[in-house]
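What follows is a single structure, written as structure tokens, with notes after it.
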Amino acid sequence: MSLLATGLFNLLNYWVYVSLMMIGLYAVIAKTNLVKKVIGLSLFQTGIFIFYISMGVVSGATTPITWTDAERLRLGLSRVEVAPERAAAALAAVEEDGLDAARAALGPLAPADAARLDELLARPYTNPLPHVLILTAIVVSVSTMAVALAIVMEIKAAYGTIESDEIVTAELETARAARS
Amino acid sequence: MTGAELLTAVLLGAGAFVALTSALGVLRMPDFFSRIHPAGENESLGQTLIIAGLIVAAGPGGTALKLLLVWGFLMMTAPAATHALTRAAWQDGRRPWSRDDDGPAPPTPPRAGGAST
Amino acid sequence: MTLTPQVPALVVLVPLLAGVVIGLVRHAGLAWLLASLASVTTFALTLALAARVQAEGVVIYAMGGWAAPTGIELRVDALNALVLALVAGMAAVIVPTSRASVAREVPADRHDQFYALVLLCVAGMLGVTATGDAFNLYVLIEISSLTAYALVALGRSRDRRALTASFQYLIMGSIGASFLLVGLGYLFLATGTLNMADMAVRLADLHGSTTVRTGVAFVIVGLSLKMALFPVHQWMADAYTYAPTSVTALMASTATKVGVYITIRFVYTIFGHELSFVIMPTDAFLLAFACLAIVVGSLQAIRQHDVRRLLAYSSVAQIGYLVLGLALGSALGLSGTLVHLLNHALVKGALFLAVGAVVYRQGGATMHELTGIARRMPLTAAAIAVGGLGLIGVPLTGGFVSKWYLVAGALEAGLWPVAVVVLVGSLLAVAYVLRLLQVVYFGEPGTVAPEPAGEAPASFWAPALLLLLGSVALGVSGQLTGGLIAAAAGALAGGAP
Amino acid sequence: MTHVSPELTLVIPLVGAVIIALLGRWPNAREAVTLACAAALLLAVGSLFPAVLEHGARPAWRGPEVLPGLGLVLEVEPLGLIYAGVAALLWLPNSLYSIGYMRGHHETNQTRFFACFALSIASAMGIAFSGNLFTLFVFYEALSLATFPLVTHHGTEKAQRAGRLYVGFLFGTSMVLMLLAIVWTWTLTGTVDFRAGGILGDVSPGLTAVLFGLFMLGSGKAAVMPFHFWLPSAMVAPTPVSALLHAVAVVKAGVFVVLKVSVYVFGVDTVASGVHHEWLLYLAAATILIASIVAMTKDDLKARLAYSTVGQLSYIVLGAALGNSLGVAGGGLHIAMHAFGKITLFFCAGAIYVAAHKTKVSELTGLGRRMPFTMLAFAVGALSIIGLPPLGGAWSKWYLGLATLEAGHAGLLVVLLISSLLNVAYLLPIPLKAFFLSPPAGDGAHGGADEGIHEAPLPCLIALGLTALGSVALFFWPDLLLRLVTEVAPLGS
Amino acid sequence: MTDRWIVELLLAVVVVTAVGVVRARNLLVASVLLGIYSLVMALIWTAMEAYDVALTEAAVGAGISTLLLIGALIRTGSRIGGSKERDAPRIDKVALAVAVLTGAALAYGTLDMPAIGDPTAPVHVHPKVARHYIDRSMEETHVPNMVTVVLASYRGYDTMFETCVVFTAALGVMVLLRRRRPPAEPAPGEMREQAIFVVMTRMTVPFVLAYGSYVITHGELGPGGGFQGGVILAAGYLIYALVYGLAAAQRALPPRLTDVGAGLGVLIYAGVGVACLLLGGDFLAYDALNQADPAKGQQLGMTLVELGVGLTVACVMVTIFNEVAQP
């Protein structure tokens, strides 16, 4: 099926996040221990983060920090064998009239080096927006965990147990006692 | 493969090997104190080898300096952490198991509850 | 430099800043004073904003100076101006008059943090209603929910079950918010933008993609969780029962309403009529659960012994009405929902304040404590009576007008069984309101209740009767509901993205 | 003679109710206010009669707009006038009677009784003069609410259960069935106003039949079986309330709604032409027969009268369902005739209870000697219900009979005759035994059982005397009602 | 973007760790595994070029979450090793069904998604959103780190409320856990006397605090910012508190100060916004701060805002630790 041939493999990231969310959701619903429920909730939420970040990934991209042309050229030259004086000329050229002039100033290069240099000079950026969203989401998730654990501590103080089914039986008894 | 790349490969390989052995050690060792030894060892030796490999890979410049700082910080805190763990275990009443005690390794002192699953 | 152009930002900013400042102040009395001041100012600001919306149609405010899809914008049209005014209005009525109730139910050293949490919750809800950005909506929902979890947990000084209720509320709320986040992620991936208006435009030609459909499904499920629609309503019943009564009054009249508003905004403005009703079976899904909510909620309410729990289950049923109108997909249905949104907020807020008065005097609100209070607490009993009639939807109350439009909408859509469910629902409401009134006026047969010392202080029944006046006004005057109908029609037309 | 505008008839009882509620601590002043309001209302409604009859005017009042495009509208029309006239006319004697009864019986919270009584009258006026279905429904619900405290007046467990049944049935049928019908009409035709000849012109016959069913079954107050259970159980209330329930306001509202809806929403000819309207005829006939039979078996006097009412109401429902002007005329007349007859019977029952503390029919033998005037009035009331000539009841049954013939349902005529016989069977024996048989021989200890009995308190006697005379008067001067009825459905056609 | 097989491997490790966390009966083991889970997740973020998120995940996810969980275990379990789930893990049919159903729905949604890393995906090509941030952020704000620009300026309104979420978390924890009793002096023979810990603390705490403030202020240039820096500052306080005891730590940094600090951070953030308002711009429009050169104004605004966030996060984490550590 065409889907398997090409599509399925590079969708792997999305299928990992689906399995993480399933594990987290299972833990929240199935586990009776309240702390385990909170852990399940945090797994469930971090699953979503993988989805958002892998959405922002661009193949062959660098981290979303703007590079100035000079920095790009310097990194490129460090990865390539070129005569030092030609490199210095290129670095000087990049200040005034930009990257393509500097590239021309470098003159002919070995085909492998040229390809690698061009690839380095033209590297795109990863999409910064999902990163911002996830920064917020992580902090929200930890804040929710903090309040949740505070509540669990208070439940332990009030009920003496953090197993949800024991709590339910305790409540039933108090209700029965109240009604009698 | 220039000289530097070879050296990096060797150092990183050694570091990885130390990490692998310490992981095996933690699994195979009978009681707490014999298990804490390989874990501690990885923290110091393994990390040093890996950081040395990275420094060689990074070559002279700012990154190497930062790696050195990281190495310094690690050497300061990691052994202290292992020390703290061992001291807490000792205060908790665990005693190292030795060959002439009869019977297998003490699973756990009764008071300490299940050590591992 | 007049502040009128900055009003949308101030509406959210004032309660936020007040909340934070109150968090710092250590003095309970000052905290209450600041909170009341802030809530009243916010209400005035929402009225000014509503006036501007009346004049300009849609008020857009770009945050940080960046234009819409790049930055975050606040977009206020007739629909959310109304909900903003409702939320701020309810806060302005409940917070200033909550001093006596809070003093009785919340430990003394927690008062300043209590009012800080209340104001932050109101700020969250106002932010949710005003924002035009989808992810910003998620963050603000989290704030209003986080504060709500802590506020419900504060009820533990009276009943330890408040803690389990708060924990259950936290788990369900977080799962709901996460579903919403995943849904928004899918829509963001398909359209590339987070701004609601821009997303609406881009979604128009993406109806085929499975990503968009799953995104819509998850957003709807997440919002249903937030609204406590039928299958996932248990957390609300416990939370409203064990939270401090002034918290319940505030949340019962605002939290679910904001949930319904967001659903309207998503279904009508962002997804559009065709995507949500033709391609996706949203209407069938929501209608089915709405009808179940009405019947099961009302049946549960009839069985309850604790009046707060009775009112909580009644809220579950009333949310069924709101969602039913919204799912009909017609101007009539939507008008019904809007009128009911306003009416239920007023009536339920008043009822919970009245119950707060009983808790203040009798220390609890089970049927036993409410027996025959009419003699010594006539005004509180009157508030409960008029509120009960408002719930049933007796003619000349707001409830009747909304019931009229819901039934008309259902019939116009050819779904006469839905219309029958709405009417049977109000019949069941007669059952539990009648039971409540018989206990309040004639006394529970066979029990002699402790006599309340006397009428609760005015800070209880005065706001309750004021809110009920609003509900009756809604039921009597045509222009008031006329305005709502126009807002509904506007939302239906997609709120002019 | 200038006529008064319809909303005044609403304002008088409302204001009265407020004043009565305030005058809780001064019973005499409170009673005076009740009587004054009753008199004022009678004058106001009276002033409307010549306006409607001579000038054919339809005074109207458009109230505030409750829903965009839909407001409270009051409009006087002949049928409404009959009902309002009966209600206003009987409020006076009923108040008089209530004062005597409540005082004689030392009832508690009388203020609430009289205030709710005035509110019920106000709602009755609202129903009578409603200009559209919406206003009708508003006051219909208001009537249910106003009479609920009256039914649960004693506050005992039995009263509360009767109250629950009362609300369950009345709100159940009105909220679920009638409101559904009203909103459906609104969505289908866009209007809910009453218009002569009906407003369901362009609606498909099938849908009309459904709406007809919803409206007829929706008015639970008409106590058509199987929705009649609330009526007998409401007997637990004090007798003036039963009088109000049966004769003056509540049940009359039910059948009035049936009549008004069939005339002004469906139109007399659509009712006749519709093939799906037969079921109501048979249901009404069945109710008449069954109710009369059950009444015979009831030994408790008030229960017997209750079932008699259930039967009599179905006469009017039958009239409405026949679908010809004679039927409507018969129904309209029977509202008034039955009102006067039944209220007299209830007054007598109450007087007997107050004076002789007897509630069972079997205990009434020979009571005529002790309470001649009450028993005489009872006889007059009974004759009017049976429909014999010297009493008004005859006219309505006469027209109903003609209507069944004209509508071609000869079988229904037979049903009417049988039911009249049944009426005789369960009503006439009571006065006959009371007058012509001697009371049961005193069994030693306390001598003749009826020694201590004497006539009921004077206000009760005046009231039941007035209503008895009213029944008789209606026979000799029915032209006032006849002209009203012909205004609605010209008899000639 | 490191090559694909490394990312796939890490993802596999993460899923296995997640299953391990859920199945571990001993809650302490589960908490530590969750810490490892967060660290591997941080590795994944680094592999995907999301360095800011990686730093936050490591600091907040691994650091604070594990701390909170272990603190909760101390307060709820009998002994640190002893707190254990009561019943052996068995499969709960209903929960499994719900989870699988949700998973299936999510997977169904992924069918039409563009492949990972595909540069023509709508997310990357939107002219006014992604493209604007990538192409125009340097020119409009002279701040190289795009994530910080979007975080603090373009979507500054979001981050303000995020700071409020952190402040609310502190409020919530205080409302629930705060006791009036001062913390007890630690028993003698504790860590304080041990030379090793004293020396280690004296050596590392200053560096940690320095590094924390570096991370806050250098949010513009490289990965980092208010959240990550704030947490690192709090970590410095934690080391001190663990070694010298809570009482000594609270003498150094009184709780009253951290409560006010938490609120102050949010007020700084909102204050900057209001300042822009008063200077004629919209709320949080930093270019109003410096009429001459709007880009300078943006930089100034962002730095102040990051300071506010750093202050709040540091104070809130300290407060939460104080509340949790207090028996």
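A, B, C, D and E are the chain letters, set down in written order, and residue numbers restart from 1 in every chain.
Simple rule for what comes next: a residue touches a chain if its C-beta (ideal position, glycine included) is under 8 Å from a C-beta of that chain, and two chains touch if they have at least 3 such contacts.
Worth saying up front: this structure is predicted, and the values here are computed from it rather than measured.
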| item | value |
| --- | --- |
| Chain labels contacting subunit D and also subunit E | C |
| Chain hops separating subunit C from subunit B, counting only touching neighbours | 2 |
| Any chain in contact with subunit C as well as subunit D | none |
| Most widely separated chain from subunit A, with each centre as the mean of CA atoms | D |
| Most remote chain, CA-based centroid, reference being subunit B | D |
| Pair of chains whose C-beta contact count is the highest in the structure | A-E |
| Whole-Å gap between the CA centroids of subunit A and subunit C | 35 |
| CA centroid of subunit B to CA centroid of subunit D, Å | 97 |
| Where subunit A and subunit E are represented by their mean Cα positions, the distance between them in whole Å | 13 |
| Averaged-CA centre spacing for the pair subunit E and subunit B, given as whole angstrom | 27 |
| Set of subunit D residues in contact with two or more other chains | none |
| Residues within subunit A bordering two or more other chains | 21, 25, 55, 129, 136, 140, 143-144, 147, 151-152, 154 |
| Multi-chain contact residues (two or more partners), subunit C | 135, 139, 142, 146, 149-150, 153, 182, 188-189, 194 |
| All pairs of touching chains, each written as two labels joined by a dash | A-C, A-E, B-E, C-D, C-E |
| Residue numbers on subunit D that touch subunit C, as the complex places them | 64-71, 137-138, 141-142, 145, 152, 155, 157, 160, 163-164, 167-168, 171-172, 175-176, 179-180, 183-184, 186-187 |
| For the subunit E and subunit B complex, residues of the former touching the latter | 24-26, 29, 78-79, 81-82, 84, 191, 194, 196-197, 200, 203-204, 207 |
| Touching residues (chain side subunit E, partner subunit A) in the complex | 1, 4, 7-8, 11, 14-15, 18-19, 21-22, 27, 30-31, 34, 37-38, 41, 44-45, 48-53, 56-57, 60-61, 64-65, 68-69, 71-73, 75-76, 83, 85-87, 91-92, 94-96, 98-100, 102-103, 106-107, 110-111, 113, 115-119, 121, 123-124, 129-130, 133-134, 137-138, 144-147, 149-151, 155, 158-159, 162, 165-166, 168-169, 172-173, 176-177, 221-223, 225, 227, 313, 320, 323-324 |
| Interface residues, subunit E side, partner subunit C - complex | 105-106, 108-114, 121-126, 128-130, 132-133, 153-158, 161-162, 164-165, 167-169, 171-172, 174-176, 178, 180, 259-260, 262-264, 266-267, 270, 273-274, 276-278, 280-288 |
| Residue ranges of subunit C touching subunit E (in the complex, touch as defined) | 1, 6, 9, 13, 16-17, 20-21, 23-24, 61-72, 109-110, 113-114, 116-117, 120, 123-124, 127, 133, 135-136, 139-140, 142-143, 146-147, 149-150, 153-154, 182, 186, 188-194, 198, 202, 209-211, 213-215, 217-218 |
